[in-house]
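The data blocks that follow each hold one structure.
What follows is a pair of complexes built around chain A, which joins chain B in one and chain C in the other.
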Partner chain A sequence: MQITTTVPFGPQHPILPEPVHVKCELEEEKVVSVSFEVGYAHRGMEKALETDYMKGIYLSERICGICSNIHTTTYVNAIEKIIGIEAHKRAKYIRTIMAELERLHSHLLWLGHAGEAVGFENLFMRLWDAREIVMDTLEFISGNRVQYAMNTIGGVRRDITPKKEKMIEDHMNRLEEKMIEIKRDMLTDYLLKRRTAGVGVLKKEDAVRLGTVGPNARASGVPWDLRMTRYEAYEYINFRPIVLEGGDNLSRVIIRVEESFQAIDIIRQCLNQMTPGRTWYRYRHEVSGEAVARTEPPRGELFYYIKGNGTNVLERVKIRTPTFMNLMTLPTILMGLQFADVPITILSIDPCFSCTDR
Partner chain B sequence: MKNDIKVTDTQDLISRLRELASKGGRLSAITGVDLGERIEVIYSVDVAYTLYNVRIEIDLEGEHVSVNDIFANAWMPENELSEMFGVKIQGVAGRLLLAPEDEGKAPLRKATRIEVLRGGF
Partner chain C sequence: MLKYTIKNIFKKPSTVKYPYEKRDTPDDFRGQIVIDVDKCTLCHFCEMQCAANAIEIDKENNAIKYKIMKCIACGECVDECPTEAMKIVPQPRKSGYDKSWKIIKVPRLEEKLERKV
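And then the complex of A and B:
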């Protein structure tokens, strides 16, 4: 007779940076059923954002500790659409540089975690060492390492001076050198391949059916990338989404490595194309009407719906974060796995629960 | 907003969403907006990077239709909508983010005072 064992995974688990509860039912060591619970980090941010729209910039930045900048970018994009203004061109470039730096630090952070999850701790240390260059760059630009307070309605609060431009260029060169070495060691590593290749496969049709977004979708052959809508300075940048066909954990690792190189390239393009100019203009007005803004943070599509009621207090703010969609792939990718592969597979979708729960 | 599609009854909603799904549409979000006596529900569907917003106003009483058989990724957004606005949706438990002691408080309704949610803090 086959005995079914229920194994709770989380909300607190060494592999999880944030809390989620995944309930796995096992037959011997094989996963036969999966369910999950979220909400451990729910703070009621949507309700809190029904406030003065200028305070909303500060609040939206605190939804996530990793992609904090893109939350404010999407928020201010929606407000700018409602009041009918557009940021200056230089501000758009600065927002794009910040977005790509954030993508870099998010991907490097995740890749380090993935290395740790499969027992490759040296990789974890090297990637986080490389990530430190990105954190330093962010600190030089904004004065902060996590919440940068760069965006405001109509532009950005800080310019990137020529001295800083040079510094960003130097940092990207240093980072690229390190990343080339790390990529070589990483993608030829026997252990990493054995633990990730063919594990946690998300087929293209499942990725489409489940509305998967971001690198998880692109690793399964779905070429969705909101940057192709050419918001901010992406309309001037030459790039194509990176798409892989494997759909397994290894593909989700490789795509984040490749997107890190792409982010460096986009930052360089921005630096080369930027011309001197204004970065912000003073704007203070009542917000009347509604708008949707969408962007492509490191984990996939971020959606903001904002409705104003003719005062400075917002009527409704709806936020749909990428992990909110990607979580629904968990039962599909975990089913049939050995239990030992569950941690790295949960981690492979790069879940962010402070975003999901809001 | 651009590409708004306003519908008045459930059948029209379903047929519009099916039409968008048949064009390769992906459900991007389900947004609830409290209008006082009614709730407006906005289904945002992305078709090749163009976002279509199908809008319907629903009553607080009664059971609203689920779109889970059109979009397989609707169950989390529908659970959230049900939980946050206190509306009933067919086959949806309405439990996702709130702690058990906050169940049924419908925090995103305008009538729900924030102090209630803060409990003993």
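And then the complex of A and C:
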């Protein structure tokens, strides 16, 4: 008879700084059953958002540390839908630039973490060095490294001046140079390939059945990208979502590298297409009615439902974050793995628990 | 990979040696909020707009109460101010322990007029 042992992963683990408790039952070294618990970082954000809708912009920004701008974009989109206004065209471009810069920032951060998890510390250092360029760009545009306070109802609060445009272009050129070198060293590396190829496979059928979103779905061959619904300025931009067939950890690494290059390309397109104009107007109105907004953050699909009751205080805000959907794939992809591969596989879905718990 | 390693031996470090060398702050850096008391009319706009409830207007004592520990430096009060009495300057905020309300006295209208005369 086989003896099963239960080995916990988290809530505190050196690979994943965020709190999640994954219980793995092992037979010798093989994972036979997985269950997980979330909710360690619950702050009651949805209840707190039932406040003045202008103040809610800054509160929704603080739900997630990394994808903070896209949270406000979705929130603002929903409010704009209720009121029945649309942002100025230039503001839409600026929002798109911010979203793509944030995607770069998130993907580079995750790739660094993945390098660290497989024991490739040099890659971690190089990627975080490259990420610093993106952080500087964000700081020069918005005046802050993390919480940008860019979006408002009806547009964005800071314009991208010609000086800033030139700076973004310079920074993107520098970043692309670095990224080409890193990509070459990364994808030809023996260690990374051995640790990730064929590990944690998520088949296309499973990805569809479990409702996987974002880069994880695209790495399994599901062509699902909400940017194709053409919100904000994506309707003017020429791009196709990148889809890979592998479904293993290596595909999830490659797709994030490729999407980083795509993000640089989208930022350049935005800068070329932008025309001068107004970026925002002050808008005050009672919010009555309800609306839904969906966007594509770096990790998958973000959903906001907002209901107003005719005053400026909101009645209900419901948020569904990408990690909530992607977590459901954990039991499938962890089953049958060696325990040493569990950390990198959990990390490969790019989990964010401060978003999920809210 | 080896090429990168050899190249890196002759390169400057990408970090900044902080106390001796400082990064320059960007133009739009959101540092401290400065209030010009002569321009302030105690109109409550900043208080209503503040997402962190860091500003309170005390009309009886003619004062603005400002809590620096609560302020998130979003700049919404600066955008909202009708008389442009509030300004955001790109000097980094100093760290501190003081959690009390900072009381900024605003001169009454008569005082302002007297000074002009």
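One rule holds in what follows: the second predicted complex is superposed on the first by the 358 of 358 C-alpha atoms of A that agree within 3 Å, B and C clash if a C-alpha of one lies under 4 Å from a C-alpha of the other, contacts with A are read in each partner's own complex, and residues count from 1 in each chain.
One rule holds in what follows: a residue touches a chain if its C-beta (ideal position, glycine included) is under 8 Å from a C-beta of that chain, and two chains touch if they have at least 3 such contacts.
In this text the structure is predicted, and so the values were computed from the model without any measurement.
Colleague: Look at where chain B and chain C land on chain A after superposing the complexes, then choose clash or fit.
Modeller: fit
Colleague: If we overlay the two complexes on their shared chain A, which of chain B and chain C does A:59 touch? Say first, second, both or neither.
Modeller: The answer is second: A:59 touches chain C but not chain B.
Colleague: In the superposed arrangement, which partner chain does A:140 touch: chain B (first), chain C (second), both, or neither?
Modeller: Only chain C; A:140 stays clear of chain B.
Colleague: Please determine whether it is chain B or chain C that touches the greater number of chain A residues.
Modeller: B
Colleague: Answer with first, second, both or neither: which of chain B and chain C does A:181 touch in the superposed model?
Modeller: second
Colleague: Figure out whether A:121 sits in contact with chain B (first) or chain C (second), or with both, or with neither.
Modeller: Neither: A:121 stays clear of chain B and chain C.
Colleague: Pick one for A:44: touches chain B only (first), chain C only (second), both, or neither.
Modeller: first
Colleague: Would you check which partner chain A:158 touches, where first means chain B only, second means chain C only, and both and neither mean what they say?
Modeller: Only chain C is touched by A:158; chain B is not.
Colleague: Once the shared chain is lined up, is A:294 touching chain B (first), chain C (second), both, or neither of them?
Modeller: In the superposed model, A:294 contacts chain B only, not chain C.
Colleague: Give me the angle at the C-alpha centre of chain A between the C-alpha centres of chain B and chain C, rounded to the nearest 10 degrees.
Modeller: In the superposed arrangement it comes to 100 degrees.
Colleague: Please provide the least distance in Å between a C-alpha atom of chain B and a C-alpha atom of chain C in the combined superposition.
Modeller: Minimum C-alpha separation, chain B to chain C, in the superposed model is 17 Å.
Colleague: Okay, in this complex, where on chain C does chain A touch?
Modeller: By the definition above, chain C touches chain A via 1, 4, 14, 26-30, 49-52, 72-76, 79, 90.
Colleague: In their shared complex, at which residues does chain A touch chain C?
Modeller: 54-55, 57-59, 129, 132, 139-144, 147, 149, 157-158, 181, 185, 189
Colleague: Provide the residue numbers of chain A that touch chain B in the complex, in ascending order.
Modeller: Per the stated touch rule, the residues are 38-39, 42, 44, 46-47, 208-211, 224, 226, 228-229, 290-292, 294, 301, 303, 305, 307, 315-316, 318, 320, 324-325, 327-328, 357-358.
Colleague: Can you tell me which positions in chain B touch chain A when the two form their complex?
Modeller: Going through chain B, the ones touching chain A are 1, 26-29, 31-34, 42, 44, 46, 49, 51, 53, 71-73, 75-77, 84, 96-99, 107-108, 114, 117.
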